[in-house]
């Protein structure tokens, strides 16, 4: 991965007028406004392509589907703020979901605890590697992702006849709606988001995450035990990912071992679109939320466009790339 | 006097980064066969100008004329081909390549590099050694030799002597003179007035991104340069050198805040013992690499030592982590601000950082209380807060003040300052030293290493001199004139001779 | 890194040594069966492997089942097959990742007297026996039931699998063949679900909320999640075609009262066990089998009495919603349901 | 995070340092990476022959065929990582080359197939260069760029060939699948050595290699030394594209078909081979032989599992554990060394 170094690139001389430059400055300082605008454009586009699509039901569905991704992106945001990345979130989410469904016989609550414990274990392993042994997060989490995925496969062999099912309250959480419009998973996601946004800006722990992402050595010299924060942070990320897995399995009502795989790259993409720097130290969860919703709506858009699959893939990749490029230009 | 031909002419160069104007109208005329100093306070635009001259980035306006031809270099390589080569403060050698590979990389003939190295008296360098295994000062000279090997018409030296021991600095000056004799030009950037007046023919002074004057080196030119750099009012203030309270008598009966007994670390530190009383500023003088880095690291809890003890207020302490040292009241200001600061975060967050050392502080924080604490420190240090949202937009001097503000707001018993004024302009330097005196007057003790020997007399009460990992001399600050310090720092002290 | 890797490899070596010791004992004069599969973490494939193990146990003539199982493409499967050959197996049961790519290695196996059976999907090598569910027929049978149920008129959605996978292409072919006979049926959307549950669910909900008129949904096996989506969307339950997955079978039974019509098309994973049975017959020179055996899918609908009875007979509320309920392939498999669920080889 | 910080390293070199020990450590540092992986592969092979005494020419060929595409994937990743980047689109580029080869060569004769192969190599290099150009011009982090171009190239592969099919002339397949010289020396091995050598040796001896290492080691210092950092980074991605295309051709040779999805496994496996092969993700260090040989070791894992008849599902666990252990032990040693 590239190190943070002074850019050797050159900027094109500014040809913009003062007003548009002011607008750019405004957008740079309030990227979330730009993101929300973009989201509106997508929604408008959907309504244009398929008039009558954008209804309260559709909006509520979109939010409901954005929730698992948004929750996975929450953990990813925490880790990326410290300059890391967690490629094991999908394995953790899948594993948590699978553990939940196969341990329901012990009682719903116990099954949820087991699922979350899985998150703690993988997160602790990530944390030990990254925080104590200073392994690169990308490699470490790639390894633990493979490892925990493999463990779940071996486990699944022993669990073929385990009467797997999804407990009612998880199913309600993942696919239920209050008064037919308010997705129940929002009642988990919104408080979690509020907690995270508050925590990142108004707690010592949040402060430290930004500080470590900005300059780990400076934190060390300032007497901060960096490894403690990183360890806790990776555990948090994995537990949040496990929660995401639970919401996900609630929406599908069954777990297979590829359940959350499709969310791995989008969880990173949502954070990047949301304006959190992959080098750490800058960004926040607010952007990731909008990023997750944008990606969900984009998927919707591509489904409704009914274009051939290859074109969908190309469009999906290209749109994320363009967004990231626009972001890089804006904040440079 | 016949005017030699102008070799390099910079006319009206301007450069802005976003909303910040780094250069407004820089002018520079360098003749063939002269050593030309470029001076200016931090943030005056020296580095930007150097980077524009060497093609690191283009200028927005103005022109560069080399030997009568207008040029606009798009990369350092292009500038090099035209005969302009720069040596930076940190070497431009790639760490994972060997020396000879580095020379191939820059397309300079190996024999010529070894030739120049021999001229500088370091002919016996293993060219197959990896750069990452070599010490910094040697690399700086190798970098210079490499620059010379491409036979530049204009040689730019950007603070090359900032952390160079004086014998090596002497070699650099020797090479600069030789280059002048060959009819080439040298542009020399340094904060050290003595060096500039000793070696340079003329000086161009930048202030706030514009050229404010050119002086010939002559008697009295130093004062002229300072007043140009600072503007008249501040210059006067800067000339009153002596700090209040320097050399005051410290009551001997008070127990020391910090005592080091017999500290040893591999072959880097040997049986180091000294003590520091409340209200005392103890200066450490040494050439580069005599163990002072390790001493400060050990005291700050950054690394562990093999033998000996540290006592804080009479009690033995063990540091396993910088946090332990801070808890014991020892706080550290490293020379390199990049090691201490969060460049993308606000001043407030930088100052408040040590508050979050303990997991107990991980919870919700009181913004009002934090703001109050930070504000008082910021006001006291007169930190320019116009660009407070992101630290990287602050000038070097202001950044250094933020580090000090951090520890002042946090509180400490002993301040470990390692070369706090490296690369900082005269005005800020003065502010920092008077702050150090103030802190001492309020009862704190301060251990201060500085690479600029004259400063010992300005700021300290007492001085120790280190050589080869030992303390070789100790004296009251008023006796610590440059000559004495230099002699000791080279190990030329009777006491060492007696021991041997 | 270097010293550390040395340490690591030393310890790994020791672990493997001890494992090797434990496995070195071999039983004589029984057959060794090799299995090759290239999609893991997939319930259907696991059930297929279990059926091979169960059949091996039930046959009584198999000493050992060696499974080569990983997520991979044809290149890796070739190397797995070669390793199985090298390990001295007598039978190879494989679920091929490609129709053509494995032919050379199948030839090599046959040359060494190994009986090769491709199950689930076909290979073109003449040496191999092919015992597969007819995927074209699978697509066709379900589609025909759906179109007939809609009286030959209406808008349908075809929810496919993964673009670029042979089974998906075959099913689509069958679907298209059926469509040709019903000019008034219109396919209004054809999303690829990637055989991922959540992607399926989102696509179903998006389409249902899009305001398009949808009269029926054909799915490529991810069925229950679509029925759930229809239920939560608040739309009337339209007919859905799925596979013989336990959860969907349950929905067909329990939601019938709410006016839900649909059909499960069988796609038995027990082709694995059946394939082994064929191979063992060939080895023991018992009976004659054609080289290509196609299992014709059954359609279990909940609108006819026979269909409903079959659904009820096969439904097991204790099992996983995506467990395939058509767990025997007559006349080949001889194991019991318990043996299959135990998933233990000899 | 702070790399090559001048002030971090004390000027200890001024003092006489501890002679023999330092010398031996330096020797080990220089030569262990060179002999480490071959040694490991030898041990792995010995172990395999020990658990499976009839291990012979057939099995060596199996190994070579299995490892060939992965080795190219690892080589592709190595080029970029040494230059200080990362390429998560390797697998998709392999897929593109694979389907391109299988769809165009189906009815070609050997000579035409070779020409087409050359064309595909050029196309691969161009695709890699496009990746690199986007990374350099957009200033988006390389992880993000290659992640998204991975999607895009994957879509392109599907556009070229929607489902597996195609083919290539037998002589072309025999370039990898046959054994021309000796039964125990598969063509795949010769092909691999030749292909890697043809690209790597001139690179390593010439100036281009120097540039790639320099940029990966310290971008600022390289820039100041007059290196065109941006063109060098594009060059590294171009090489990655070239090796990816080789991987795609190798996949065609070993499977005789094109499969639009077959390449995707190689992104992560290639990265795994890179890590186990001892190349640091920080750039500037390491060679190509480590990852290439690690590809063979990784290929031996499922083989040994089959010979040992262990539940093959442990394969993924083992691979993941291997990565985790290697990097954790590596980190542990570094931490210990720093503590001294």
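Letters are used for the chains, namely A, B, C and D, taken in the order the chains are written, and counting of residues starts over at 1 for each.
The rule is short, and it goes like this: a contact is a pair of C-beta atoms (placed from the backbone, for glycine too) under 8 Å apart; a residue touches a chain by one contact, two chains touch by 3 or more.
Worth saying up front: this structure is predicted, and the values here are computed from it rather than measured.
Two chain pairs, C-D and B-D, are compared here, and C-D has more C-beta pairs in contact (counted per touch definition above). Between chain B and chain C the centroid-to-centroid distance comes to 70 Å (mean Cα coordinates, whole Å). For the pair chain C and chain D, the distance between C-alpha centroids works out to 34 Å. Averaged Cα coordinates give chain A a centre that lies 43 Å from the centre of chain B. Contact with two or more other chains is made by residues 56, 334, 338-339 of chain B. Chain D has residues 2, 5, 158, 162, 220, 223, 311, 313, 315-316, 322, 330, 332 in contact with two or more other chains. Among all residues of chain A, those that touch two or more other chains are 8, 149, 153, 157, 215, 217, 309-310. The list of touching chain pairs reads A-B, A-C, A-D, B-D, C-D. Residues 28, 32-33, 36, 40, 43, 47, 50-52, 54-55, 58-59, 61-63, 65-66, 69, 158, 161-165, 167, 177, 251, 254-257, 259-263, 265, 276, 278, 280, 299, 302-313, 315-316, 322, 325-326, 329-330, 332-333 of chain D touch chain C in their complex. Put simply, chain A touches chain C in their complex at residues 50-53, 55, 57-58, 61, 65, 68, 101, 149, 152-153, 156-157, 160-165, 175-177, 180, 248, 251-263, 296, 299-300, 303-304, 306, 309-310. Put simply, chain A touches chain B in their complex at residues 8, 10, 13, 25, 198, 202-205, 207-208, 210-211, 214-215, 217-225, 228-229, 281-282. Within the complex formed with chain A, the residues of chain D that make contact are 1-3, 5, 84-86, 134, 136, 138-145, 147-152, 154-159, 162, 219-220, 223, 229-230, 268, 271-272, 275, 281-282, 311, 313-324, 327-328, 330-332, 334-335.
Chain C meets chain A in the complex at residues 40-43, 46-47, 50, 163, 189-192, 194-203, 205-207, 209-212, 224-225, 228, 232-234, 247, 318-323, 341-343.
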